[in-house]
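Two complexes are shown next, each including chain A; its partner changes from chain B in the first to chain C in the second.
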Partner chain A sequence: MSLARAPGLPAWLLAALAATLLPWHMQQDGVAGLFALRAEEADAASALGQAWFHGRFWFWPVLAALALALPGALARRSVFLLAGGGLGLLAIVAQGFAIGIQGWSWPFLEAWFGPLEERQFGMGLGGALCFLGCLLLVTDGLALRGFFKGDRFVAGAVGVLAASILIFTAWPVGTMLLQMFTPREELSGLTALGVRLFDGKIWGLGCVTGRVHCGVFWNTLVLAVSTASAATLLGLCFALLVTRSGFPAKRALRLLTVLPIITPPFVIGLGLILIFGRSGVVNQFVQSAFGLELGRWIYGFNGVWLAQVFSFTPTAFLVLIGVVEGISPAMEEASQTLRASRMRTFRAVSLPLMRPGLANAWLVVFVESLADFGNPIVLGGSFGVLSTEIFFAVVGAQQDFGRAAALAAIMLLVALAAFLIQRAVVGGRSYVAMTGKGDAGLPTPLPAPVRRLAYAVALPWALLTILVYGMALAGGFVRVWGRDWTPTLSHFTRAFALEWSASGQIIFVGGAWNSLFTTVTLAAIAAPITAGLGLLAAWLLTRQRFAGRTALEFALMLTFAVPGTVIGVAYILTYNLPPLEITGTAMILVACFVFRNLPVGVRSGVAAMSQLDKSLDEAAITLRASTFRTLRTVVLPLLKPAIVTALVYAFVRAMTTVSAVIFLVSAEYEMATVFIINRVINGDYGLAIAYCAVLILLMLAAIGLINLLVGRRQLGRREGART
Partner chain B sequence: MTRHGAEVRLEGLGKSYGPVRAVKPLDLVIEGGTLVTLLGPSGCGKTTLLRMIAGLEQASEGRILIGGRDVTLLSAGERNVSMVFQSYALFPHMSVLENVAYGLVSSGIARRAAERTAEGALETVGLAGFGARLPSELSGGQQQRVAVARALVLEPDVLLFDEPLSNLDARLRRAMREEIRALQQRLGLTVIYVTHDQAEAMAVSDKVVVMLNAGIAQIGTPHALYTQPDNVFVATFMGEANHVRAEIEALEGDAARVRLGETVLHLPHRGLTPGPVDLMIRPEAIRIAAEGALPATVARATYMGAHTEYVFTTPVGELFATDRPGGSPGEAVRLALDPVGTVLVRP
Partner chain C sequence: MIARIFALALMVAPAVSQAQGSLNMLCAPASDWCEAIAAAFQRDTGIRVAMARKSTGEILAQLRAEAQNPRTDLWFGGSAETHLVAAEMNLLQAYTSPNMAGLHDWARELHRMSNGRCVGVSSGAIALVWNRELIARRNLPVPRSWADLLNPAYRGEIQLPNPNSSGTAYTIIAGLIQLWDEERAFAYLRRLHANVNAYTRSGAAPMQAVARGETAVAVSFNMETISQQQAGFPIEMGYPEEGTSYEVACMSIVRGARNLAQARRFYDWYLTPAAMDIGPRVNQFHAPAHRDATPDPRIADMSGIRLIPYDFALFGEAATRRRILERWDREVGALPR
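Right, the complex of A and B next:
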């Protein structure tokens, strides 16, 4: 009961203990020396210790703010909570930015306070927990003031969510955009910006008139438009076949939808190289049969386009299945009873009803193509797109972060535009799954010409997809593709060899083990965080009404639209300096996974939540349950399927992502996808393919395992009881 | 377990969503131990009013007092009210017993003790021995009773029902509403009950609050509302009524001399003054009688067994009536109007 009288106390204790006992800065040796009030070195001490024993005066404001919050924490005094917590946040952020690794961060501070001998590194456990404590003090204060219906849990949840979006998306993207203004050589900020933004390498149109390459912007745009169009058309054919025809292998076709989820993004590219590359099967055959050199046509626009269409057709298919199934059969039956032929029904009723869905699928693929990094890097050759140009600007010889930032800004702008159009097309909340009302009636079979067309387009493409995947996997079992066809397991042993030491311990000698372990561990850490934050956000958005809900929703949706490459560049630019110096650590990778994949958690959460009768929550509330108890005992158990989905997707996507993490990996924390890409760039296809195969198997196993552990038992009970 | 429920007092209570008024500020006193129905067409604000009392919606203005305590700013869990939802909202993943014990456990009672009390509540609603089942293994009526038991077990000051019977078939609905009424009387509960079904409201209520356009149209006992409606809406919403225009010619003591076409009637004036007036005539108040004052022709006659439904063409318009079998279409008759079912209403 004491908590009811002093609701701010836990948050205050958290902040105060973090400031007095825990080391404020990031420690090199992990969690050792947790009790850090009095430490030998200033950098290993807590805030209080640094201020008291080491004369670091800039921590006094933080401590003073905490002292100010104490009356609020002991009695229900919201003013003290708000003032203390708010000033605490301000003081933490201000000291973090003001004093960096070279003393004062800005010259005017030195002019005011005099020179500073000391410096400080990135924030650590103490700083982070103190920040969290202050944040919760503020939300508690707001709740006491009657905001969020006086619900402290909701207030805290909103606060944590908003703060994490701010810290892990808004701040990095903002930092990156500012980077465009950094002066270059003799140019001032604005001129440098102009030079970077209106570079001929980006906007050049030389390819229209002569034989010069066009700018990367046009490359990207043309590629995205043609990929989106082709993939949407193919996806529609597949969707129509599966839902509206007597096609016998429907289930097999539906398996296609799983492929893009479990496929590392460059498997398709590898498969294409093994078929159409210089030493590919087709080229070899044509040369031996007709003596023709097919050459390198696969490298460049053609290859990237082909690979992207292969990669993203399943995505379009997935979207369009929902669209086609969503058309009420009653509409088509009505049309037929009004004496329309099947063809007229299809043309005049079905197709117009699908139009928003088609536009949505097109835009989804457009954005995927825009953000795609794996296929262009493998097959692009000299054909550059925005994502690869950004990569080369960062890792290449010139190391031009300003140029990378400008390119990323352009990419961000296009992605945001596509995203806003998509929202307008789909209407309102684009990630809300449509809840299909059970309409009576049977879907009308396709008119014969359309059916024949769909078969003619879809079936060869399906066969080709199988062929590409087959080739990609077969490549792991021959010595050197195209030259030495001897079957071998040597690629697997090079990657995954095990040896036993004399003492009987296993030694992981294979070159891939390190990156594999890192990937699995980090993905496993990120998955529950992603799912938890995503579901929490979904719950807040669908079930709670509070001031700023729309703003939070919009901010969340915007983060969905930021392409991975942009996030990658933004993260290294932001987090390689204090106050949050996490470049090169596992934390930056986990943060990247979490905030890249948050949409998945939110989407599945919102979809599941809208299926859940709202009066269930309300019943629990009227039955005296607290908000948290309602969430724990009623909402979460009923959301089990959504939790499983979110977990699986978050895990698998963390394992297959490449666009963002390629900037963030370090020697210590190497990711599987980056390891593979480096092998591909070195031409070591065998090892890359072997690794891909292992990854795919591993992910299938993970999906099965998570389903088994978390899902089935509970699901089975509910389904069984439903009858 | 017999005790008297608390009085509920609403003072200037209103709710708006931006510019939209969901409930206009209103005053209402619900006496302890009575069953009061909020009745009205969909969109009239009755459910919003109920949810404000429950604490599921925040009032925009005014106060709510339960048992003399101001609960306006308290959350739903702190108000000591319970609610039975339209969809029952039984937790599908918990057994019946867990469902009923849920509120007790939330209140901090040990699980063992809570489940014992919950078994008692299940017995009260006639479901002893069903505790181990899942809600989905029960029939609709049984689920309804579980929902009632779950709300009752907390011994709330006020029990709220949000259209509780709308998911049941007609026969079960009648049985359940009698059960709810009996339970309310036996335990002396204060119950606020939302429905759009006029027959249901009449059957269960001590008092009915008829709502229209986010405000209260009239409050009264079922009998008062039926026989003394304040306006045309209440008259037509509480059962069938013929609506004709008439004119008060003069007041004569308690009575008014009313001209209806060629006919003159003497009816209680109900505070009205001479001039045009609306006259509501209940179908059962119209009888075919040789001495009747109103000439009419039978337009249609539908045989319904116990009675016959007539539509008469008269000089004042078409009239719908229920009477014993007798007249046949085309026949000229005279109609007598029973003063009990013929009411003057302010135009």
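Right, the complex of A and C next:
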């Protein structure tokens, strides 16, 4: 029987083999043995083994559901696929939640079934693969019924994406948000919620009328809007200069804009203090030269805004560069042939075509600014934003998870509003710029005023960036940063000392090696997953029509809008107990990286995808290529810039995130950033910056490697002398 | 998806149990210190220590989130108040070490107050700190007392932490309330507001700002200031003449600890003079809880400082704390800049 005749069979085999052979629960000492039908200990056995030999009755429903799905898998009967797969999922989830580490999880179950002597830990390889198999049975069944235009690949992709978003985003965020209703002292759940939500510290408008601080909501909103606008503008200037001008040092410029993204937080803020702070270089110069006292203007809104623009311009640039490169010169040439001036062409053709890129860049930066924690904490002074409020509601003197959850809900609503506005701006227009037709034009040079503007904005910024980084990185090479500028390499030797043992083996003596290895490994695991899932999601969102598409799109943006601290606490609250007991493991870190950074993969994918003419896919489909083959041979090669962006971003962010992982690291899996933050807190900037410098070099190498592996997109445009 | 499963297969929880077992510790003080005591304990006992350093608030948040399935055995360091809050939430278990006899009274007092669920390990006092160079350049007087800080010459020169987020700030305010009374303390804070340039979110930030010359005067813990001094910053400190508040850092065993025997072993081990001598070797200058710990000239002598009798039980209570914070928001935080 060929696979084409039995579309559900691979999924069924996956589920059945996982349930019979693989250990169902997570094994403490690694993958002890893959063949686990007859294991000595119940916890090491497969589902069938546990039910048959160890009397764990709660696995029978799972196995029965699989049996029910078999006729569907063999004979194209969608009813059996749907029923078997669906019941299988239900049974897996139900048994996982009902029976935990202390027997029955809920008292009513004990009342019904009597006390249970047994207990179970979190799900492992067998459980996970069985779940996946059942999920694919359901999506295959749906495709057979004609949903998703009968396309099994699309159905499976949507199913896997939706399930992973549900498990790794919606579930933890939901768990956290439920904390809003925890009663507080004498207040009942709802009153406590009201007190938390309608707090004067959130909504106060004192700064409009008097010299009082405004509520954190307004602070956050104003900051995020101004940061997003400035960073998008700067990112556009850089993207235009790099792609469409004769600027000589393009490569250097490109590198420069990527620097802030690979710099762990706090360093930019501290670099700015050394330059613009009260005892900073600029202030001292102005004071000695003009006798003027500039004071502490860097603290508060100004400084946070400046630091955020520094930090997020590269993100905007990364999202925009692919889009600006992709705009077809043919349209611009057509415009010029019709006697439009360069300026008019730029305004009426190029700029509108960039709109999805601009809107996406703006949205990403807006949300990043919302969730940013490092810059407001270093430079904020008395200026508070939602993310710092949330952090201190959890870890500060208040110890009020409920308040943190309420603030997080407000932040989510702001992100949702921004998302809806962005959709309205981009609207339903077509931005197709790459069709299958000949596309051999030269990119139009920028009109003179635009070019001058771009130079005027981008060059000073580039200079400032060099200055800030020079200042910040100097800290790793001097004795006491900001005080004793005697050059030294002692920080590097403290962090990265090596010794050779008698037998000639290298011993990693330095304190930083352990966290460095962990960080690089986990980032390397997370990056391809993030990029793959992100682009898959982008392709589904732009190319396929199915029910719940908008909901999926928003769900994908969700983790991004939730500040890291909330995600961190939500993750331990959710994954500390079975069925998914992954706290303290590497997997929780990888999951956190993937689902926190997924949005950028999605956004850059969506931006790039909306430029590709659908006729390209359609041509491939007409030639009887499968959906998967079309994706692989037509769409992916054209998406190379977006792939690079997603990979680079995912890798780099995995190495530089702080707030979320600070709750998730364990002694075994310590991350570089947490190590650095701990030194910064201690005032040991030298070691922290030395480590940052090593990380920056490493990440540059990784970016180079990624670019090399993925390669450039060949658009078949003429290369010509650009002016 | 496949890659994710691959990641799952890769994940190997290395719970390699050695003969002596292992200990999971969360540690709040500076990383150097945490690493040093973990290494020394491992050397002395053969027990493998899995240690993660987190700030006190993060540790409490993590213990709360883990409450149903604790991963941590021992919590070292962090203010007594947070330990008392954790004890109030039933996150800790009682233990009385045979080595308690040699401890200072303040350390044993916390053991008694928490019904045995934590013990004091070190202490530090609140000090007035200033930047030597900035004070000289701007011809400012050196502050000697709380009252001095009201001097109009300091206008815009003093930085304080915000008690909503910082335990240090709360200790300062609670100390003033116990020094005078609540009315007088808040009247003082309202007047002080005119001189304050910012209420920072983090407790150590004002002191670090003083070290880098960003503000002239701040109020901070002495041991943190000494560490900055040792790093070479022009920062100096003194204790207010009226008296000052102090904190005690504690150690406790988590309820439901999986490695209870090892946790108790560490508890006993740390309450010895040898273990308490490790701090100064890695530039940490908390006053040790053991009477026989080797004296170090860089460690402030707590008996030489005029301390306010501090009621940890009353001011550690969630209700008291909320009332004071709300009053601060209303009467100080809401004042015009």
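Keep in mind that, in the parts below, the second predicted complex is superposed on the first by the 424 of 723 C-alpha atoms of A that agree within 3 Å, B and C clash if a C-alpha of one lies under 4 Å from a C-alpha of the other, contacts with A are read in each partner's own complex, and residues count from 1 in each chain.
In this text, contacts are C-beta pairs under 8 Å (C-beta built on N, C-alpha and C of every residue); 3 or more make two chains touch, one makes a residue touch a chain.
Note that the structure is predicted; figures quoted are calculated from it, not measured.
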Item checked: Contacts of A:129 with chain B and chain C, given as first, second, both or neither -> second
Next item on the list: Considering only the touch criterion stated at the top, classify A:622 as touching first (chain B), second (chain C), both, or neither.
Entry: first
Note to self: Tell me the contact category for A:117 with respect to chain B and chain C: first, second, both or neither.
What the structure shows: neither
Notebook entry, point to check: Between chain B (first) and chain C (second), which does A:569 come into contact with in this model arrangement: first, second, both, or neither?
Noted result: second
Notebook entry, point to check: Touching A:149, do we find chain B (first), chain C (second), both, or neither?
Noted result: first
Check: Just chain B (first), just chain C (second), both, or neither: which does A:40 touch?
Finding: neither
Notebook entry, point to check: Regarding the shared-chain residue A:528, is it in contact with chain B (first), chain C (second), both, or neither?
Noted result: second
Next item on the list: Counting touched residues of chain A, say whether chain B or chain C comes out ahead.
Entry: C
Next item on the list: Figure out whether A:483 sits in contact with chain B (first) or chain C (second), or with both, or with neither.
Entry: second
Next item on the list: Could you please specify the touching residues of chain B with respect to chain A in the complex?
Entry: 54-56, 58, 73, 75-77, 81-83, 85-87, 89-93, 102-103, 106-107, 134, 136-137, 150-151, 154
Checklist line | Parts of chain A lying in touch with chain B, wherever the complex brings them together | finding: 146, 149-151, 613, 615-616, 618-626, 629, 633-634, 637-638, 714, 717-718, 721-723
Checklist line | In the complex, chain C residues that touch chain A | finding: 1, 3-5, 7-16, 24-25, 30-32, 35, 49-58, 60-62, 64-66, 68-69, 71, 85, 134, 156, 162-167, 169-170, 197-202, 204, 208, 211-215, 227-228, 231-234, 318-319, 321-322, 325, 329, 333-337
Next item on the list: Spell out the part of chain A that touches chain C in their complex, as residue ranges.
Entry: 26, 28-31, 101, 124-125, 128-129, 132, 160, 164, 185, 201, 206, 210-213, 273, 277-279, 296, 299-300, 376-377, 380-382, 384, 388, 391-392, 394-399, 401, 479-480, 482-484, 511, 525, 528-529, 532-533, 569, 572-573, 576-577, 581, 583-587, 590, 594, 662-663, 665-668, 670, 675, 678-679, 681-684
